[in-house]
Every structure is written in structure tokens, then in C-alpha cells.
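Should a chain be cited, it is by its letter among A, B, C and D, assigned in written order, with residues numbered from 1 in that chain.
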Amino acid sequence: MCPQAYLLLIMGFQDVREYTNRLFSPNDGGRVGYVTDWFIMLLIISNVSAVILSTVDAIYEPYTWFFRTFEIFSLTVFTIEYVARVWSAVEDDEYSGVVVGRLRFASRPLLIIDFLAIAPFYIAFTGIGLDLRFLRALRLIRLFRLLKLARYSTAVQTLGWVFKDRKEKLVIALFTNGLLLVVASSVMYFIESVAQPGEFSSIPATMWWGVAALTTVGYGDMYPVTMAGQFVGAITAILGNGMFALPASILAAGFIEAAENELDERKQCLHCGKAVRPEDLDEVE
Amino acid sequence: MCPQAYLLLIMGFQDVREYTNRLFSPNDGGRVGYVTDWFIMLLIISNVSAVILSTVDAIYEPYTWFFRTFEIFSLTVFTIEYVARVWSAVEDDEYSGVVVGRLRFASRPLLIIDFLAIAPFYIAFTGIGLDLRFLRALRLIRLFRLLKLARYSTAVQTLGWVFKDRKEKLVIALFTNGLLLVVASSVMYFIESVAQPGEFSSIPATMWWGVAALTTVGYGDMYPVTMAGQFVGAITAILGNGMFALPASILAAGFIEAAENELDERKQCLHCGKAVRPEDLDEVE
Amino acid sequence: MCPQAYLLLIMGFQDVREYTNRLFSPNDGGRVGYVTDWFIMLLIISNVSAVILSTVDAIYEPYTWFFRTFEIFSLTVFTIEYVARVWSAVEDDEYSGVVVGRLRFASRPLLIIDFLAIAPFYIAFTGIGLDLRFLRALRLIRLFRLLKLARYSTAVQTLGWVFKDRKEKLVIALFTNGLLLVVASSVMYFIESVAQPGEFSSIPATMWWGVAALTTVGYGDMYPVTMAGQFVGAITAILGNGMFALPASILAAGFIEAAENELDERKQCLHCGKAVRPEDLDEVE
Amino acid sequence: MCPQAYLLLIMGFQDVREYTNRLFSPNDGGRVGYVTDWFIMLLIISNVSAVILSTVDAIYEPYTWFFRTFEIFSLTVFTIEYVARVWSAVEDDEYSGVVVGRLRFASRPLLIIDFLAIAPFYIAFTGIGLDLRFLRALRLIRLFRLLKLARYSTAVQTLGWVFKDRKEKLVIALFTNGLLLVVASSVMYFIESVAQPGEFSSIPATMWWGVAALTTVGYGDMYPVTMAGQFVGAITAILGNGMFALPASILAAGFIEAAENELDERKQCLHCGKAVRPEDLDEVE
């Protein structure tokens, strides 16, 4: 940190803001920006691991102080990151107004995720609404920090593109599967609720069976016992095997195609060594 | 509703019938027909949701009056829709006879579905055969209204085409899977019925296990416990994984192809904004 | 039957044998052969249905006389069919010797199946070895009659071709899956047998869990409870999802290709109306 | 063995070493090398079978002497094989130094596997650390001998190439699935731990459910019982069906392609009759 702090002191205010902006712009921060990226990614993953491990009593109870200190440290870093991003945003011509520009920048999806990753925890510190349920919910909200990874992860971006590209086909497949679930569950309810009124108590309750049968999970907590019910259950399982694999096949075809077309043709940025996609270049030029 | 009612009054009888016919013809009702389509689709989905929710006692009991009122309202709308469709059908040259034309129109599959969506409920109102079993069955029949969606849904239509197009391959795959089910269940019955005569009591009973094993649902209510039974069960699961995915793969290949060839090349109708397929255009010309 | 019987009487011995041979030759029996084919196919399917239904006590006990009569009838027909096939085989130049030719004809795979479909039942009638276990096994052997369908079913033939065509790839995939099963089951046994010595009692016993996990059937009769066991179980399930779908994908790809290349290009025989494949024509010419 | 032993005696030292080297070089041992290969493969498979069967008490206890003798025999053969390989390695120009060359040869992955397949058992014979836990672990280590098959198996090699070739896509798919597992398990824990604090006791514990749901194994030992939990469980199962099939599809596509491109085009070696891939030829020239 020392050489960086030294740099900030001898540079003028304008230079500091410009440097900060470059630091947090993807593909444009040079070597230092590369290090910042990896540091924040590591911190996000450590944070999520901490949330996961903190639910194990045998780990959380003896190390409570560590989890608390780590949370305060993470919150500080994410706050500095957020403030620095919003403060230096005006360097970009697109967000040039001192207040309006920064507000427009702060309302971008990725910045809203950054905001949600820190804001709720300040409410907790002020002591407003500090009941147990809220504190419980806070832990879950901390998982939102995973979404911050979207800025760095090409995996999530590729998946986003595939979903967009195959949207229409996915909607058709999901709609058909929804129909199948409604029909299978309704028919099963009318057949099986006589023999097992406790398990197959209503159509929404039977839908839990329907999902388990159609996706072939088959937990075994609900299953038909009458001959008619088992016949419908057999048809449902066979149809589910055929129809619930459709979204998977559509996604897989899209994903394989996207990975072949786009990931293979991408080039490395000469400045930061990061992968650059043709679309990214078009946007900048 | 007011401007429409006003229009009906100032137009002559002929005009009213022509206007009604246009209103219910897909892709030919202009802006009003578009609204009618969406209104009926919404009503169908609300109806199915009502059937589903009405099976939950905690929801049905305090709101019985709402479910009854909504059913009467839906029945009225579907009756008006059905009568209007049949009455105005004679406007179409294809169904020009006053009685014969209307009967021929009423015997089309989509119109029979429309009829089944209303007729049974009038029987219920007349009080004939009003025992509990019949009332129970009525609720299930109300789900038939979902089939009315087929008129509007391209998803169901696309699926229909795919099934037709791949019929031969699907028949081969299903026949082979049927053979596999019969053989696996029979062998398992002869092996396992000695150790578990209660569960594996007959070949049809063992088929319930067979479907669960071959589709990899695996409820866990029936499974072999002898070594020979587990060996056959292992072979069955491995074969099932390979063979029962065949219809899924055939459907998926057909579906992806159909979606690519046909949905992507379809054009929008200039009059109603709806998607029009090349086949549709050929039929009209 | 009358016109056929009449025909046999007025024809000479040579003609009867030639006619019989034509009757049972696929694609060469004209209209009568077509009827014979369908009659035997129907009888096979009825036989298998009878075997399946006869295991249900509630059906078998009141109708025992029917099942017995039907079995005697089927056995008679299949015997006549077998004798007629072997007797008339000498008409074919390939099997021209009176004894040697018929023996060579009888040792073809399809004829052996025909033999196995009748021979064991004559042993039962002679009363040799008539203990209960043998009678039980006879019922299972009756299912072999399903294999007689292979002569008529293009589905089974297509599948046979696909298996042959993709044999090498299937062997690689199955060998890899075998390795995966051995490794996963062995590791799981060494980890889990300490906590659950009853369930995970040996590696072969753990393989039953391994197959259920890798094929994603998951009966729920065996599952790891220790943390290390669940970790290995999770890896196993994820790998199984990826690897045990390979034979399915290979078969599906082969099946779809075979169906497209071969079934679509086949032509109808002008004489019998049956589908003829290019290979069939080459063989005859 | 006799003619071989005779040969070794009449040949000089140099010739023996050269002959030994040729014997263990794949594709270069002529007819004798071919026999050696098959003998070692058979011994590996017998060894693994012995490990598997030795865990069944009913088989191990009466035949303990056989399992022990077979282990000593295998260990002797594998030791001779390892020593012969390392000793004769200097014949190859690449590993020409008497000590350095042999050490470089011994540090190749396949040779390390060979070493691990024998070394631990000598420690056991020396009596150092002979507690029960160590002896238990030895049995598991014996399974490492399976890895020795990698030298001979084109299946494992093809799979290795596919993994390498599709590495990037597999990493993206696995990363996305990891995210899905973390999010689904965390959300389920926060919803379901109130109703079932024993089963859904922490996020890592809930991940066991998450894997079973996403891979559609569904053991049935853990499942949500609250309505909110079942809703999240349904979404999880549907997403899992779509996303956890991705690595399978990527592998399958790569495997089928690799099998088609490479296995079909391979040629037979004129000397040993083994399959030779274009890459293998390039490496030698």
C-alpha cells in the first residue's frame, strides 16, 4: 500500500481521481488495476465462504471474534471501493455532472449490487430494527456479494448472453413444462387424494410431488400407492424425462455454440492481459 | 364495453354478425380482436389458478363465495364466446349453411374443446346426478379449459408439429423402451418376489419399480434387496439412463430444429401484429 | 382358414412346401404372408401380456382355465410355425440338403429363438423335472417369445445396427464408467463403512449405492452420513451426471443419425407394401 | 517363460537391457511385448477384483491364504516390472545418464504411479507403523494400481484429451454450477432451518441436499417440508436439471467429436498390430 499512498500524496487532486477511475475500470487499470480486481474477487469469495462456515456452530462459536473482525474489514473495503467508484465516475465523459452524473452512474445494475452489498449492514450498526430476524436476514443478504463477481466473471456473462439469445425457445419450453406440471399434479391429486388425503392434500401440495417426478429427483416423501395413481405417475415420469430435459438441451446447445463462437475468437488486451471480446472493442471505439 | 355496445346497436344484424366473426377469428380481429384474445387467455389462466387454489382448504373455505362467483362469471363469458363463435361462423364461406354449416363448424377439434369447457357445468346446475363424486369430477373437467389455450399458444402448436414430424422415431424409441420395461420388470419380479413377496407381488406391480428405475426417479418405496436383484437393478438403471433419454433427445433435436427453422423465419402480420408462419399464409391464399 | 386349406389340398406336395416357404419369408409372402406376420406378432404380444397378467393373483385365480387354454393354443401355433419353417426351408437354394440344409437353417439365431420359445414347454408336458422352481422358470422363459418379435420389428433391428455402428465408442464409455463405479464405490466403502458397517458392508455392497448415485436414481436405501462420505457422494453424483449420460448421448446420436439416413430413404416393396431398405435389396440381388 | 529365459542367458548384458527396454515400450515390443502388456493388464484387473472381493467377509475369511499369496505374487511382478523399466530406461537416448537419466525417467507421471503401486507395501512388510488404520489404508492404496491401466487404455487417454480440449468450457460450466449450489443451499438453509433445525443445521450440511437436488439423485434423507422451502426446492430441481446437464453435454460433444475425428482415422502399426494415432507418429519422427 505504501508506494500507492505516496503516489496519491504527490499527485494533484485531479490526477488522484483520474487514477482512481482507471483503477476500477475493467480492462483499463494496467497492472495495479489487475491486482485490485483479483483482491476484490478474493475478498468476495472469502466473504461467501465466511457466511457458509459461520452457519456451522462448531466453527462459529470458538472463532466468533474472527468472523466479526473479517466482516468489519470486508465492509470497510467494499465501502471504500463503492465510494471510490462513485466519486471517480465523473472522469468518464458519460457521467460528467457532479451530482446528476454520479447518480446516473450509481443507478447502473452493477453499482446497485455494490450498494446492496454494504448498505444493509450500516442499518444494523445504527441499531435500528435490531431484532433477531433482521440479523438472520442480514446473513443471507451478505450472499448478495456473490453478485459482485458478475463484474469479473465471463462465465456469468456468457450464461447471460445464452439466456438472452435463446429466450424465446426457453419460454416455449418452460411454458410447456408448466402446463405439464399443472396437468400431472391436478390429475394425480384427483386420483390419489382419496387414498392419501394427508400427503396429496391439495393441488399445490401435489405439485411438490409433480416437480420431483418430472425432474426425476424422486425424494420418496410422496408417491402414489393406488394402481391408477402409479399409472399416472409412470406416464408423468416418462414425459418428464422427455420434456424437462428440453430447457437443458436448449441451454447446452446455446452454451456450446456461444463458447465456440465467442470465447475461441476472443483476443488478449495488450495492456492488461485480459480477454477482450469483439463486442467489447466495438463498444469502446 | 360501452363503445362496442353502441356500435352493435347502430349497425344492422348482418354487420353485427360479420363483426362478431372478425372478433373471434385469429389474426383478423384488428385491435379489438387482439384485446378479446388476451382477455380470454387471462380468463383461462385465472380459471386454472382458481381450480388449483380451491383445493387448498385454508384458501377455499373463507373465500367460497369468491370462487363460486368467479366460476359463474367464467361460465357466462365462455358460453357467450362459444355461442358467438358458432352463431357468426356462417359468415365464413366454408361454413355457410345455417344449420349444417354451424354443425360442421362446431365439430372442429377446437370447438369441441370449447363445448366441453362449458357443457358439463350446465348439467351440474340442472341438478341431474348431483352426487359428490360428480362434483369432484367437475373440478377436474374445469382443467380442460387449459386446452382452450391451444388456440392461442404457439408453444403447444410447435410441440404438436415436432411430435408429428418425429412420430416414427418416437414410436421406435417408445416401443424399445416398452420392451425394456417389460423385460426388466419381469426378470426383477421372478428374482425379487421370493425375498419381498409384498412389494414385488406381480409383474404389473414390479413395473412401478421399473419405471422409477429406468427414468431414474427412484422414489425408494421399492428396491431390490437380494444380490441378484441388485445386479439386475444396476443393469436396469444403466440401460434406463441410456435408453429413456432417447425420446428426450429426439424431441429436443426436433424442437431446437423447429424453433430455429420456423420461429426465426416467421413474419409479423401487418394488421394484428401477431406472428404469422409461412404455412399459415399458404393455407389462406 | 378354409380357402387356404382348400388350396393346400389341390396343390401337389412340392407346391405346398414352396407356398409354405413363401408364407414365412419376410417381404415375400404376398397378401397371405402379410396376414400370417401380423397374426404371429399379435400372438406374441398376447402371450407376453398373458405372462404379465398371470402374475396378478386376482386375475389369474378366477381365469386359470383361460390362461392354460391360451398357452396350449399358443404352443400349438408356434410349434406349427417352427415345423413349417424348418420343413419348407429346403425350398431355398441356400439350405438345399434334406437333413444338413434343415439343420443349418435351424441353427440360425432367429430359428434358435423360435426353438427356445417352444422346446422347454414340451419338457414340462412330459413331466420330467416337474418341481415348482422349474415351473416358475418356465414362466420367465415364456418371455423369450418377445425376442421372436425381432424378426418383424424394425425398431429392434435399427437399435441393433446402432449398437454395432457405435460399438467402439460405447465400449470406451462403458469402460470409463466401470472404472468410475469401482473407484467411487471403493473410496466410499473405506470412508463410510466405519460409520455404517451394516449398509456399506463391502465394496460389492457399496456398488449398489454407487450405481444409484452415478445414474442419479437415488433410491434412498443407502446414503453416506459422515461429512467425508457426503463430500465423496457429492463428487460422485456430479461426475455420474456427466459420465453416465455419455452412453445415452452416443446411442442417441447414432439412433437419430440412423433414423435419418436409413428410415427416411427406405422404399416400399411393390409386392407386399412393406418397407425395404437399400441393404435388403443388395442382399437379394 | 523358458524360451525367454534361455534368450537372456545367451545374449550379452547390453542386449538384455535393450531387449528389456523394447519389451516395456508401448508399440515397440513386437509379439513378446504384446503378451507382456496383456499379462500386466490382466494382473491389474485381477488385483482390483481381489481388493473388491476381499472386503466381502464371506469370501475373504475362507480364502485368506489365497488373497495373501496373490498379493505377494502381484507385488513381485509389479516390482520386477518397475525395476526393469527404470533399469532399461537408459537405452532410450532421452534418458541416457546412468543416475540422472534414470531419476528423470522415474519422475514421469506413469512411473510415479508404478512406484506408488508397490512402495507402500514394502513399508508394511518392514513392520513400521503397522497399526490397523494403516493396513486399512493400504487396501485402498492398492486401488491405485487401476491407474497403471492408463498406460494401456485408449479410453482413459481419449477422455484425458477431451478434458484438456474442453477445459475452458468445463471450467465455466462447473463455476456456474458451483454458484448455483452455493446460492440454492444458502437460501434453503435460511428458509428451512427453522422448521428442520436437525437436518438443515448449517449451509455445508444443506449443500448435501443441494447436490442431491441439483443432480436429481434425490436420496430422500433431506427434503424441505415448508411451503417456501418446497418452492425453492422446485426451482432448484428445475434449474439443476438444466444446468447440471451442461458439463455432461460438453463432455459428450467433445467425446463424440474426438471419437469420430481421431479414433476413426487411426491406423494400425505394421509391427505390433496396435492402433497408432497421427499424433503418436509425429512424436516419433
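Note that in this section contacts are C-beta pairs under 8 Å (C-beta built on N, C-alpha and C of every residue); 3 or more make two chains touch, one makes a residue touch a chain.
Just so it is clear, the structure is predicted and the values come from calculations on it, not from any experiment.
Where chain C touches chain D, the two copies mostly use different residue numbers: shared numbers make up under half of all numbers in play. When the interfaces B-C and B-D are ranked by how many C-beta pairs touch across them, B-C comes first.
Separation between the centroids of chain B and chain D, computed from CA atoms only, is 50 Å. Between chain B and chain C, the centres computed from C-alpha atoms are 35 Å apart. Annotation for chain D: residues touching 2 or more other chains are 204, 212, 216-220, 245, 249. For chain A in complex with chain C, the touching residues are 216-220.
The part of chain A that touches chain D in the complex is made up of residues 48, 51-53, 55-57, 136-137, 139-140, 143, 146, 149, 153-156, 158-159, 177, 204, 207-208, 211-212, 215-221, 244-245, 247-249, 251-252, 255-256, 259, 263. The touching residues of chain A, when paired with chain B in their complex, are 168-169, 171-173, 175-176, 179, 182-183, 186-187, 189-190, 201-205, 212-213, 216-220, 223, 227, 230, 233-234, 237-238, 240-243, 245-246, 249-250, 253.
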